[in-house]
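Two complexes follow with subunit A in common, the first pairing it with subunit B and the second with subunit C.
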Partner chain A sequence: MNYLIPLMVVIPITCALFLNLLHERTRTVKAISIIVALALPTVPLIANYGVQYFGGYPPLAQNPTIAVGLPTLITGTALNIFHPAITYVFGSAQKLMIVILGFIALFAIYISLYEVKKASGVYAYLMLMGTASIIAMLLSDDIFNLYVFFEIAALAQVGIVLVSKVDYNYETALKYMILGSIASPLLLIGIALLLGVTGNVNITDIVYSIQHGLVNPQSPVLLMACSLIIFGWLYGTGLPPFHTIKSAMYSKALPTGAALLQAFSVFSFVAIGIIILRIFSYLPFAHIFIIGISLVAMTLGITMAITQTDFKRLIAYLAVGELGYIGIGLGLGTALGITAGLFQAVNEAVITAFLFIGFGTIMYKTKETDMRKLGGMLVETPKSALLVLLAGLAMAGVPPFNAFQSKLMLVQASLNSGLPEIAIIMVLLSIVTFMTFMRAFHTIYLRPKPADLEIKNEKIPNITLVAMVAFLVVCLVFGLFPQIATNFLQGMAMSIA
Partner chain B sequence: MNIYDIILKKIKDVRMETGDDEPVSNMAASSMLTAEITIISTLLIAVVMLRLLNKTLMIGSVVLIFVLAIVAMPIMPRLKREQNDSLASMSFYVIIGLGIIVTLFYWGNLNG
Partner chain C sequence: MIMDTQLASLLTAGALIVIGIFGTLFLDNLIKKVISLAFIGDGANLFLIAMGYKVGGIVYIFLPGMSMSNFSQNASYPLPFALVLTSIVIGASTMAVMLGIIILLNKKYGSLSASKILGE
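Our next item is the complex of A and B:
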């Protein structure tokens, strides 16, 4: 037993509950938050790869002592290899993604603690609950268990927006919940249909049943399950038609909350996307659909971003657009494509968090997000301006940063798959992303300061700058040595392709 | 009236409809123009992928979409107006999206 695997989820959830109870005790909240935030990337880093069977029940085939004496009706059939308990799988790809998610959560929590005079236990509680849920989604090999954490993550996201003191945050959070009340039950119905057809909720067992003819792969109920699960996936990740509400959610959260929310979306996208590929990749239409919806997300996200006047909404739309790149990689379905897609997911989570926190310094100094009312910020915040510029270059895929490597891999993967049109669209949209970012950067930092702009005479907290430098280091390391990341991701990609 | 003036007029129309009476800046107009060109070119390039299905269908679709894009230009202000934060409009597109997905996966795979 590798107890560190369940502890990746148990530690943040338990501490989150304590923080909620102790929310009035500022020093205690701060101390617990600091320790737990540190544990988020550390525990997966030191944990060994392995499989955790909750309740201690592995499949009978792996546990001959229990199998002794059982009738052949059980030991001689597929029941012998089916998983009787909830199973968590911790492989190299999960390790990288959970470490990166923990890393983003660590800085989001630290900045939120040090940017305010009184640390909020409720805010820390929501951030930890959300992070724990996404970690569980990445680990879980049980689709119903994944759904439970999907719901917790959705509620944590609503909570993060609700406690952010941003105009119209209540309204946006309520809208997200209402739309979720359409999408989440449909996802659950999809899972129920899958259970009805296969008699299983363990993903490995479902895949086995379909591949070995235990169920009819063309069963109409299975096809309906696929469409409903995909619909739930679109909601959880913010792909069209949910891109408007998702971008609104990011823009109505505080910068630390937005940085974490987008990381939740990216890793939910990967967690559910991989399950869809594992179960339904035998349907050629599943690949076509993923590519199609990803192209729509990229185009709508990036073209909507360029027309925005609110910089938080602009980054939010860019984040939605960048999700499309991940989807292209997954949709191509080749080992190179999936590796590139997963690599892009890791990169995008870091870069978008970097941008939200970087532009968050403008909000910290001016309390303003409307670009038409901003200007001349280069003089006020020269260090963070430089870091924001580098983050923007990274997002657009400029070398030597990480997104350059992942986008190059995606272009190569689409060329290898005989789809040069996708490669051209990705390059075109990267150019537009670059232009969109430079427009925002020029407006906020380079043009003259408007006379009526009030700037707070307070230094940007050191932890914010440290976080930005740390994100920059990750961008550079993965950009200069992409094999560090791709070596972790290749195994998973090859098992799905 | 050239394309720039048409886009400028359309942005003003959309802004009047949404109650935003601020003057249209050069940056807003050029952003809209970039978005317009991006969306049309992306659409045209994406349609070329229909060559995998049928080359005649691809040529016909490219010509049709090109003509439609020219006639319907500017598309972007309309698209922006549709993608607003109104719950009614978001719910509408969510239901339409659900209908399309279920139809494509259920009916498409059964009859594919």
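Our next item is the complex of A and C:
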């Protein structure tokens, strides 16, 4: 039994609840938040791979003592190997993704604690709660458990937007919740249909039931379940038609909150996407739909980014567009494609967090986010301007950064699958991403400062620059040595393909 | 003819969801929208409970003196009932947050009209 596996979820949730109670005690909030934030990437780093059966109930086949005396109706059938309890699986792919998520959360929490005089226990609570939920989604082999954490993550995301004090944040949060209150029950019905057909909520058992003919794979009920789960997936991750509300959520959060929200979207995209592939990969419709919606997300996200005047909204749309790349990799369904998609997910989470925090440094000098009213910021924030430029180049897939390697792998996977059209679209959209970013960079940093732009004499906290340098190091390391990441991801990709 | 209990539950769940979606899309008052959303959530929960129904089934509590074979063949499926409790709690939390936001928006705008507040 590897107790570090459940602790990855239990530690942040427990401490988050305490932080909520310690709202006014700034020093205690800071101390607890720093310790827990450090634990977020450290615990998965030191944990051994393994499986955690909650309640200590492994399948009967692995637990002969309990199986003694049970009728053959149970021990002589597939029930003997089914999982009676919630199961968490911690493999190499989960390790990499949880470490990266923890790494982003660590800096988001640190910056949020040090950029204000009075640290907010509520904000730290929401960030830790959301992070714990996404970690649980990545670990869980139980689709209902995943749904529960999907809902907790959605509430945490709404909370992060609510505490931001950005104009119209309440309105955006309510819109998101209304849409979520339609999408989540539909996802639940999809899960209920799977339960009704297979009698299981454990994903490994559901896959077993389908592959071994215990249920009819072509059952229309299963097709309906697939459609409903995909609908919930679109909502949770901000794919079209939910891309506008999701990008609005990012833009109404503080830069640290937005950095974390997009990481939540990326990793929940991966968690649910992998489940869809594991259960429904035998349906050609599932692959075609994932590729189709990913192409729409890429095209809509990146083209809508061109028209934005608010820099937070611009990054938000670029983030939605980048999700499409991950979806293409998963939708191709080959080992190379899935590895490339997962690699792109890890890269995108880091790069977008880098961009949100980088562009967010402008808000220390001026509260303005409208690019039409900004200019000349290179003189005010030269160090962060250089780092933001590097982040933008990384997002566009310029070598030697990490997204170049993952996008190259995606192009190779598309060509290997006989889909050169997709490769061409991906390359063209990368060029558009580059142009969009450079236009924003020129507007904010390079053109002359508008006469009416007020610059505050506020220093950018050192921790913000340290975070940006740390993200840059990750981008460079994964760009120069991509095998470090892909070695972690290949096992999962091969098991799904 | 008496309708099958499971079918009746599924039809009721379907009706709740359809009414809920209609209310969410076409009612302008935010409180009414939230009530409609609760209908959708309740429909989904009823749907989940209906999955655990078994014709002629017995309660899934193993009592002393009960035959193991009889219990394993006739007990209704307990998992959906356990799951729906969690789902109800999630629904209640979500609704509490939504109502809290609506109270704040009502103070800001002096109205509960979705078209005025959310610009729909």
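To be clear about the criterion, the second predicted complex is superposed on the first by the 497 of 497 C-alpha atoms of A that agree within 3 Å, B and C clash if a C-alpha of one lies under 4 Å from a C-alpha of the other, contacts with A are read in each partner's own complex, and residues count from 1 in each chain.
Criterion: a residue touches a chain if its C-beta (ideal position, glycine included) is under 8 Å from a C-beta of that chain, and two chains touch if they have at least 3 such contacts.
Quick caveat, the model's predicted, so the values are computed rather than measured.
Q: Scan A:A349 for contacts with subunit B and subunit C and give back first, second, both or neither.
A: neither
Q: If we overlay the two complexes on their shared chain A, which of subunit B and subunit C does A:T443 touch? Say first, second, both or neither.
A: In the superposition, A:T443 touches subunit B alone.
Q: Tell me which touches more residues of subunit A here: subunit C or subunit B.
A: B
Q: Let me test your reading of the model: by the given contact rule, A:K175 touches which partner, first (subunit B), second (subunit C), both or neither?
A: Touch status of A:K175: both partners.
Q: Output check: A:L234 vs subunit B and subunit C. Expected answer is one of first, second, both, neither. What do you get?
A: first
Q: Identify the partner contact of A:L195: answer first if only subunit B is touched, second if only subunit C is, both if each is, neither if none is.
A: Only subunit C is touched by A:L195; subunit B is not.
Q: Name the contact category of A:I290: first (subunit B only), second (subunit C only), both, or neither.
A: neither
Q: After lining up the shared chain so the two structures overlap, which partner does A:L186 touch, if you call subunit B first and subunit C second: first, second, both or neither?
A: both
Q: Which partner does A:E151 reach: the first (subunit B), the second (subunit C), both, or neither?
A: After superposition on chain A, A:E151 lies in contact with subunit C alone.
Q: Residue by residue on subunit A, keep only those touching subunit B in one complex and subunit C in the other, then list them.
A: 175, 178, 182, 186
Q: Please output the residues of subunit B touching subunit A within their complex, sorted ascending.
A: 22, 25, 27-28, 31-32, 34-35, 38-39, 41-43, 45-46, 48-49, 52, 76, 79-80, 83-85, 87, 90-91, 93-98, 101-102, 104-106, 108-110, 112
Q: Under the stated contact criterion, what part of subunit A meets subunit C in this complex?
A: Residues of subunit A touching subunit C: 69-71, 73-74, 144, 148, 151-152, 154-155, 158-159, 162, 170-171, 173-175, 177-178, 180-182, 184-186, 188-189, 191-192, 195-196, 199, 201.
Q: Which residues, counting only subunit A, touch subunit B once they are in their complex?
A: Answer in residue numbers: 172, 175, 178-179, 182-183, 186, 218, 220, 223-224, 226-228, 230-231, 234, 240-245, 248, 283, 285, 289, 295, 299-300, 302-304, 306-307, 309, 372, 418-419, 421-422, 424-425, 428-429, 432, 435, 439, 443.
Q: With touch defined as at the start, can you tell me which subunit C residues reach subunit A in the complex?
A: Residue list for subunit C touching subunit A: 17, 21, 24, 30, 33, 37, 40-41, 43-45, 47-48, 51, 68-69, 72-73, 77, 79-80, 83, 86-87, 90, 93-94, 97-98, 101-102, 104-105, 108, 117-119.
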